[in-house]
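For reference, the structures are reproduced in the following blocks.
Both complexes below contain subunit A, partnered by subunit B and then by subunit C.
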Partner chain A sequence: MRMLVRPVVAAMAAVALTAVTATAQSKVNVVTSTEDLASIAREVGGDRVNIIALARGVQDPHFVEPKPSFILAVNRADLYIAVGRELEIGWLPPLLTSSRNARIQPGARGYLDASLNVRILDIPTGQITRAMGDVHPLGNPHYWLDSGNGRRIAQAIRDKLSELAPDGRASFAQRYDDFDRRLAAAEKRWDAALAPYKGTKLVTYHRSWPNFMDRFGLEVIGYVEPKPGIPPSPSHILALIEEMKRQMVKVIVVEPYFSLRTPQSIASQVGGRVLVLAPSVGGAKEATDYIQLFEYNVRLLAAALKDVTGK
Partner chain B sequence: MDWTILQFLAPAIVASLVIVGMHAYLGLHVVERGVIFVDLSLAQIASLGAAMAVWQGYEPQDPAVYWMSLGFTLIGAALFATVKGHAARIPQEAIIGIAYAVASAAVILTLSKAAGEAEHLRDMLVGNILSVQWPDVWLTSLIYLAIGVFHYVFRRRFLDISIDADAVAARGVSVRFWDFLFYASFGFVVTRSVAIAGVLLVFCYLIVPSVGGMLFAERIGTRLAIGWVMGTVVSLLGMYFSVQFDLPTGATIACTFGLVLAAMAAARPLLRRRA
Partner chain C sequence: MRTIGIRMPALAAAVLLAASPAAAQTNDVQALRQEVEQLRTELASLQRQYADRLAALEARLGAAQGAPAVPAVPPVAEVPAGAAGAGPAGPLPVYGAPTAGSKIFNPDIGMIGNFLGAVGSNQGGSETIAPTPFMTLQESEASFQAIVDPYARADFFLAVGEEGIEVEEGYVTFPTLPGGLLVKAGKMRANFGRLNAFHNHSLPWIDRPLVMYNLLGGSPDEPDTGIKDAGVSVNRLIPAGSLFLEATGEIYRGDSGTLFKTARLRDFAALGRVRGYVDLSDDANLETGVSYTRGHNDLGSGFITELYGTDLTFRWRPLSRAIYRSLAARAELVWSRRQEAPSLQRAFGFYGSLEYQLQRRWFVGGRFDQAERALNAAVRDRGVSTMLTYWPSEFSQIRGQYRRTRYGDDRRVANELLFQLLFTIGAHGAHPF
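This part shows the complex of A and B:
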């Protein structure tokens, strides 16, 4: 009996293995740093791609704890899509090295830096000095929160996928056009929802929102935590409270992975409110894909601004 | 379980075994001296050195940052060797704890003054065993080998001081000098291993095997043997759990240490009765 079972099991395993490799061959294995990039890649790639996102939407993408499955996923990837602008500098470089996958190393054909043709804000001009405080020399890495940039990311992914899997070119182009159409229709709704509040001033916790606020004509006048991980000094908080009172700022936008204690105490000082928005797909239950992410944030922000401005 | 993962885990496995070899031994001294948290304290002082270098405008990858952190570690070693409350009734753990708290706070202050990229510095100081690369493993092995030989040559002296410093001092030996050598070599090791494995894991590698050895043996040699076996088994078991349940590797190994130690403590009465 035993002698019979062994070869049968081996044969079954071999069949299963070839089946797996056969389907894997026709699909492009894509790994992305964040769920935002995964969502856009899914829009463009459809069922011609397998997609794995490493950082969860509820996680701070600056700090990601690598797990063994990450190495395996990256090892098998045909395409790695990174946010870039040094957002992942703390965890991605050693992960890519450990994966020992030459196809997706920076500079190789299978590595796509999604930030290369998007509109980047906060790029410091001239000499960077220490007096400027926390400066990202390559500009603000939270650029995906402008839907215009989402479209540019989708174009870059369409072009890259067409290069890696030429037989899918027509499908990628058609899916991109469809995404572009739906995004444009949604943008009209979002612009309309936030139009009454153009020029309204806000405070945010971390510098995650310049692209989002810029897109909808809102103005950020200050940050609760000038540097991630470094608690603000009392004089910084006092100055922020004074400034919020002077300019009648009532809303503090916070990312879900920060403590609400400091923002809440500031908000109670100025008679304002704290609003937790999702900076990434998966950062809130309703933010299931890239378009839903904006849908969610715009709805919450419009409701809060309606309350405090009375418009 | 997917065995292909093993080829990627190989550097991490070898690194953890190298760390076991060095730390289970140093842990005996640390537990014997009752300075349990000295590694956390020295690691924090090393971070302060690195933070100072970054504040001075060096890139986090610059060798100057490493030398600066090593320099701070040596100052810390000198501090722990000199400010010893033998006569002064102050427990040494208190001094170690104060050094830890002040150094941690000073790191926060320093980083708050440093320009950009400061948020990444923490990741670079506190390594992740999963992303260890072969060159790191070889370099670490060489450093530990050199320090291991040094400790092997002077093993009697170090051990006598760890067990009963007063008796050694009575023989006219400069305990202070040997203590400085001990803490300096210890700081060298800890700075290195924290950079590749992280604070939490290094603490476990240092303390748990030597406590495990104490459960079953009186003689130092036997304790060391038990510690080495325990450290090796836990490293491999922890890696296995980490892969099997897809959990962050360092934290999984640390929890496995706790589980295995609890199991050993539970098994102890049974073994004793039979003996």
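This part shows the complex of A and C:
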């Protein structure tokens, strides 16, 4: 019996100690809908936060499966950061309901809709119906693809983290300032890299890029999808090819989760090229964080536009 | 924002005017152009700075106003300053475009139409299977869903037939209870096995497999089979590391189709289920569960029917091609023990099914099912089905199913071709998992 006591006590002590260490270093558990939000939260939160992103960057963020393993992650979250604007309407509500976590229910302190203070484009005016496809009545949810919005998201996360973990306020503010500086320096590079192509016309697969194209002064004249969420039809493709020929459009930007077959056949018809850009962090190997995401996209886009415009 | 918008061009014009004589003096057109270009960039950056600062200010203002935990006003989406071309300025309603403030609190309303057609010989001499008419708007589903208060949400699903309306489900959920509990109360589809909780429109087939008719309380006049009753469901996560483990306990009044009948208040039905889930990779996962339920059957208070079930689902969906390819394999086994006057009826049934997504809009599938009858286990029905599904969009679905059923009582065979058209209007519901 005595032989048993010692190991048991030792084990209990070890458990107690680990528990103490765990409380001493208590971190804010953050769960985000996408890897972009996770990357920005990591910039601001540093090692004071644990971050899990639900949707992967290579995934279409409209169609994420509400897997039970996500419920586990959301169950432990102190803060949930959503993209908002109904991007996650098909999968987030059941996850939040079944998370058994009061802290992150919409309206609670631990729920942050990242879209509330950003610049939103494509907000429909007038009557909208599903005859327009899967329209987002609250505006285009792909707003993180404007680095100015990235900055605003970072501000919102900084304020929210400071509210949830007041001890870290100074650290969050300092990390935000650092991120802001690095982002501003990078923005100068990106603006310079794409400046020669201002006004160039492009076609994209889905309406994922209005904020990105607007930021760099590029013009999207059409989409491979006839309407949001509706797969391309032959008649639409023919009309698009005609329009691209008429306006001399040579570049088709495609998200990594769409099939390349149709875009490639359009490109071959108009003598143009297909460019797979990353709409999210993790959407390409090189797009490892929010700033790298833009680095990657700007580099690829500038190279492609240089080729087709000769500038 | 608007004042800035007007002032900026004016300022720019003034600067330009002041700049032009200097440029004219040097007669250097190139320099003038450069200067204009430089001014333009400066103006643009100034505008951006103002937009950023305004947005930041609004964010602060919003944070200051939104400080109380329960906001006095419904959530609105502000269009930040600087959103040129972004549409209307000011607050936007979250749930559509209400003409009166009270409409904001209306629940999300959706309607799923379910139009069915059938051809073939359905004279199998059996009354187990609900005969599908030539054409019917079988059972449309109306859904009303909203958050009740900071502590609860409510979901109503009404099954609207051609002639009547029935409450398919109507329950309140308390997602914020202490102890990690998730509690539901109301009329619900019971958490027995995997399939029972599915609504008709989210099934991978047009019909339900034989095991649900034979063992889970189906009847010829009730095409929508399964255990559904008024009761309370308590559900808790069991900590198990990265493994998702969930235990459910439910109590029902004890009236469900032909399965359970209650004669006295204390003849309630009880149910227990444990469900496990694990991600095999980012693309594949496995889900399994065991279920048990018991209740009193139609022979009276002294007679109990017990059901045991186990289910297994494997899913594969490559993340980067998730909208084009997927596969799901399901199997479910159910054992029934029904107390009868002289003895015990022990019946068994199961189904196995496979669905594969070929393209963005096309799915194929197959199902094999077999079930003995709860009332007479000596009779065993068998069925085979193949399915082809087409999705015009996320909001509609066309499906064809060939079903061959060999009934056990007189060895007759029914060959049927079923056709289904599903169409959704209203609120964008969540996709089932």
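Things to note:
The rule is simple: the second predicted complex is superposed on the first by the 282 of 311 C-alpha atoms of A that agree within 3 Å, B and C clash if a C-alpha of one lies under 4 Å from a C-alpha of the other, contacts with A are read in each partner's own complex, and residues count from 1 in each chain.
One rule holds in what follows: a residue touches a chain if its C-beta (ideal position, glycine included) is under 8 Å from a C-beta of that chain, and two chains touch if they have at least 3 such contacts.
Everything numeric in this text was worked out from a predicted model, so none of it was measured.
By the touch criterion defined above, A:Gln105 reaches subunit C but does not reach subunit B.
Of the two partner chains placed around the shared chain by superposition, subunit B and subunit C are both touched by A:Asn75. With both structures placed on the common chain, the touch criterion links A:Ser235 to neither subunit B nor subunit C. Taking subunit B and subunit C in turn and counting the residues of subunit A each one touches, the greater count comes from C. Contact with subunit C, but none with subunit B, is seen for A:Ala156 once the two complexes are overlaid on the shared chain.
Subunit A uses residues 63, 65-69, 71-72, 75, 86, 89-91, 94, 97-100, 130, 133-134, 137, 229-231 to touch subunit B in one structure and subunit C in the other.
Listed in rising order, the residues of subunit A touching subunit B in the complex are 62-63, 65-69, 71-72, 75, 86, 89-91, 94-95, 97-100, 128-130, 132-137, 227-231, 233. Only residues 48, 51-52, 55-56, 58-59, 62-63, 69-71, 75, 77-80, 82-83, 85-88, 92, 94, 96, 147, 150, 153, 173, 175-177, 180-182, 236-237, 242, 244, 246, 275, 277-279, 282, 285, 287, 315, 317, 319-324, 360-361, 393-395, 425, 428-431, 433 of subunit C touch subunit A when the two sit together in their complex. Here subunit B touches subunit A in the complex through residues 2, 4-5, 7-9, 11, 57, 108, 111-120, 122-124, 128, 130-131, 133, 242-243, 246-249, going by the rule given at the top.
Contact residues on subunit A toward subunit C in their complex (touch as defined above): 56, 58-60, 63, 65-69, 71-72, 75, 84-86, 89-94, 96-102, 105-109, 115-125, 130, 133-134, 137-139, 148, 151-152, 155-156, 159, 229-231, 256-259.
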